[in-house]
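Structures given as structure tokens follow.
In the two complexes below, subunit A is the common chain; its partner is subunit B in one and subunit C in the other.
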Partner chain A sequence: MSYLHSEKAGIVSTGVRHVGDVVVRWLPLLIVTGLWELASGWVVVETVLPPPLDVLIIAVDLVVSGQIVGDLLVSLWRIIWGLSLAIGVGVVLGVTMARVDPIEDFFGVFMSLIYPLPKTALVPLAVLWLGSGSGTAILVVFLACLLPIVLNSYNAAESVDQNLVWSAKMMGTSDRDMFRRVVVPAAIPEIITGIRQAVPIAFVALVSAELIAANRGIGYRILSYGQLGIYESMLAVIVVISLAAYVGVRGFERIERRVLVWT
Partner chain B sequence: MNEGRVIASNVEKVYRSERTPTTAIEDLSFEVGDGEFFSVVGPSGCGKSTLLYLIAGFLDVTSGMITVNDHAVEGPGTDRGVVFQDYALFPWKTVMGNVTYGLAENGVPKDERRETAQHFIDTMGLDGFEDTYPKELSGGMKQRVGLARTLAYDPKILLMDEPFGALDQPLREALQDNLLDIWRELGKTVVFITHDVEEAVYLSERVLIMTRHPGTRKQVIDIDLDRTQDREAIITSEEFTETKNEVWRSLREETKHTV
Partner chain C sequence: MDVTNIARISRHDVVEGAKSIYSLILLIALWELITQAGLIHYYFLPPLSDVLIEGYELTVSGEMIQASLLTLKRAFLGLLIATVLGVPIGILIARNRFVGWFFDPIITIGYPVPIISLIPVFMLWFGIGDVSKIILVGVGTFWPIAINARNSARAVNQNLIWSARMMGTPKRNLVWKVVVPDAAPGVLTGIQIALPLSLIITFVFEMVAGGGGLGHLEIQGVRSFTSTQTYATLIAIMLIGFVLDGTLRKIRRRLLRWA
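Then we have the complex of A and B:
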């Protein structure tokens, strides 16, 4: 009897703990929404800061009616391109920089030049070369994502356990094969960390680029609603892109757990 | 052709990587015969791992020479297999993937690979863990995977760097006996590094005692035990105790200098 009782108590207490976790996780969002609700009308007039519920309804409507679906897709498309290019170039560059000294010397200079530069500062220049379409946005996303990916890949490949390389060597792996057999797999967890850091950066870079120069995309929509003074819609678009970024990060974490079963 | 003789003549190893060069090994000479079980003991930092890596071909000698079957060592080769103290398993590969790796690198067909690997996985008592990743294994199991992986591609010479150092006594003893069985059955040459005198005496036919840093040859002691007996009988025999004490005395002289 007492066994049953304690068993039940256990279930209840884990249930309570679970509810507690959920509350803690969503509490910040709740507080922000609450403050927003309070501020709207009290601190700032409703036309400038519409209440959250209104914004949410408009956000749903914008998506369901398809009004911003086109822009959302354009933006996501640009992110996918920019990020994929950054992954492709960044991983290869980072890993080879770590293992081949002349390549490190050569590209190291570029990396330290790009590092402190705010990538959006390049937008006006990029517009001259690529126009104010997808090219510019993709370039900015690419440059912004490149650094965390290169840096993490570089560190990962440089700190590969010497004994792993040696043990592959003694089993007959040639220097040429060492890259893909040992260095890259050993570096993958850290490479993926770099990519995970790049995902939110991609969203930030994209929206900034689109705010400056674009004729389509989410950033463009935010800007044009703002200029027209339709602040509910402007905020609604911001909510939509934030949600998209959240889904993107979460989705990536899920893929990460799948890929890294062995860590 | 397929012999496992190792000869070190006047080996010197200086590490130059840092600002001040470190002489790890100085004027070290010894011979290990084909099929011999040869242990190396010495104070910490005397250059035992360095010596093993030199034989393995991971590092180059600064002067002197190491030959394996009369060929100077010039880099790693599949005639020698290292069992690392920290296992050095590929974490992204399963037990089966780790054990088949060396076979795959040497062009063994897939079916044969799996068969050979399975044999050594079974020998090491790892059956049922073929699809497990190293992170899910205990230290003792990882070490057995390390041994299985090295045995699988059949190097003539086993180079072992304190392989059982991190294990508890019963497991240690089990793996020691396991290793002796394998050594007898497969006729490999074993160079075995340890800091455990009892282990060295129990396992090997000869023990090299190194001086403290920079390491050189202090003494080589022959061990004459009746190996047809079981462990209990061997370790309680008078020869065992005497040899152990002799090695201890020699080693203690070196450690005393260090402290």
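Then we have the complex of A and C:
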């Protein structure tokens, strides 16, 4: 395979070939958007299926003009809070459950009760307690993200190489230091995997909470544009939130690779 | 688990069992005590006994069962569509260069879209009825199913394929005889991931658009200030989740004897 490429490289300059590769790679997407553009107005009414170019222009406009920035910031704020709380509580809970038996006995049953529960079923409960607003969204994000973080931290701390623990103990590490110095560093890669799994879940939880009970935020904006019948803007906001989720997930993957150089 | 086994439960097992659930019993007792003493507002946390009575009444009147069946119907039909489309497409992406070229960028772009945010769009396109919900579940669960099928079909051991070829398996039988059995555990993992997702989507859609179902029943409790209904539905959802999770594990063990 590789010799074919090198042969081609001799004829076409590498730069041009690179551009060609990119075009070929993303061509299917262009085809799909082209079909959408054609369908809108011809097959389906434009109000129901606005042309993709219009949607993109409005998406850019909503961000540049600042109309959506307020809601975007509110939503990101909620995600950061919910996720940080879940990381703080989840890592501590997971690691201590793995290393301290009484704590596992106490919390284990709750974890196995929450585990099979589809997490959006908790939205009404959050609304019941906190009404509609940031508190509800943060609570839902927190609860939805907690479990993957706890589970991964638990597995990570449970599977820490026992030889490491013994060696450290032999060299005089106290039980208290064992956590900070041995267990946590050894478990960090898997803990971060848990957090990475939680990032897309956080976006789903956030939008659910905001669709059902919120007066601000991206989810609320999508719903209210829909109710007002401004469908281009509704789709544009979805493009914006999808982009935010994409950047969030990809950004975290990059951080993960950067942080975990030793694995 | 036969009778002789049950008879031989040791003292150790009993102690371990008690250790693992004592906190739950403690919490339930605390819940009942605090609420009966009126230390917390009834609306926020009604006594568990009231919740169970409400759950019993909803079940006897048929409301809970009807809502459960409605929700499960929507989730399962959507999941079925996603499986029927997602598994073959995922395997073809891995095995066929043209299909791979076409779908790979679509998956890259489509997968990160928070599928819940499409609920208002689907209300516009397909209305608020069953069809709309089923299609959204189908779209939402398509991604994990297709991606897992693709990744596990890509990871099929090349030696297996070469061996099969050498032993005379024709090319068109290769997928069916070698790739599918080897990729099956990964495919099932995709469906296992998609199952809770299908319920997650159904619940939120029911809460936003109504039309019956457990999500609707649950949020209705909040809106009509009968919090016992919300709690009772939540317990029912938990039970359903438990049963589904267990069933899927059992199916996995039975289907994948060779893995």
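Operating definition for what follows: the second predicted complex is superposed on the first by the 222 of 263 C-alpha atoms of A that agree within 3 Å, B and C clash if a C-alpha of one lies under 4 Å from a C-alpha of the other, contacts with A are read in each partner's own complex, and residues count from 1 in each chain.
Note that a contact is a pair of C-beta atoms (placed from the backbone, for glycine too) under 8 Å apart; a residue touches a chain by one contact, two chains touch by 3 or more.
Quick caveat: nothing in here was measured; it's all calculated off a predicted structure.
Partners subunit B and subunit C fit side by side in the overlay (superposition on subunit A). After overlaying the two complexes on the shared chain, residue contacts for A:26 are found with subunit C alone; subunit B is out of touch.
Of the two partner chains placed by superposition, only subunit C is touched by A:226; subunit B is not.
With both structures placed on the common chain, the touch criterion links A:42 to neither subunit B nor subunit C. By the document's definition of touching, of the two partners only subunit B reaches A:185; subunit C does not. The wider contact with subunit A, measured as residues touched, comes from C rather than the other of subunit B and subunit C. Contact with subunit C, but none with subunit B, is seen for A:242 once the two complexes are overlaid on the shared chain. Judged by the touch definition given at the top, the superposed model places A:167 against subunit B, while subunit C stays out of reach. Shared-chain residue A:115: touches subunit C; no touch with subunit B. Contact with subunit C, but none with subunit B, is seen for A:124 once the two complexes are overlaid on the shared chain. Superposition on the common chain A brings subunit B within a closest Cα-Cα distance of 13 Å of subunit C. On subunit A, the positions that touch subunit C within their shared complex are 24-26, 28-29, 32, 48-49, 105-110, 113, 115-125, 127-129, 200, 203-204, 206-208, 211-212, 218-219, 222-223, 225-227, 231, 234-235, 238, 241-242, 245-246, 249. Those residues of subunit C that touch subunit A in the complex are listed here as 19-24, 27, 43-44, 101-106, 109, 112-121, 123-125, 196, 199-200, 203-204, 207-208, 214-215, 218-219, 221-222, 227, 230-231, 234, 237-238, 241-242, 244-245.
Taken in their complex, subunit B has these residues touching subunit A: 53, 56-58, 75-78, 80-82, 84, 86, 88, 90-93, 101-102, 105-106, 133-135, 149, 153, 155. Across the complex, subunit A meets subunit B through its residues 161, 163-164, 166-173, 182, 185-186, 188, 261-263.
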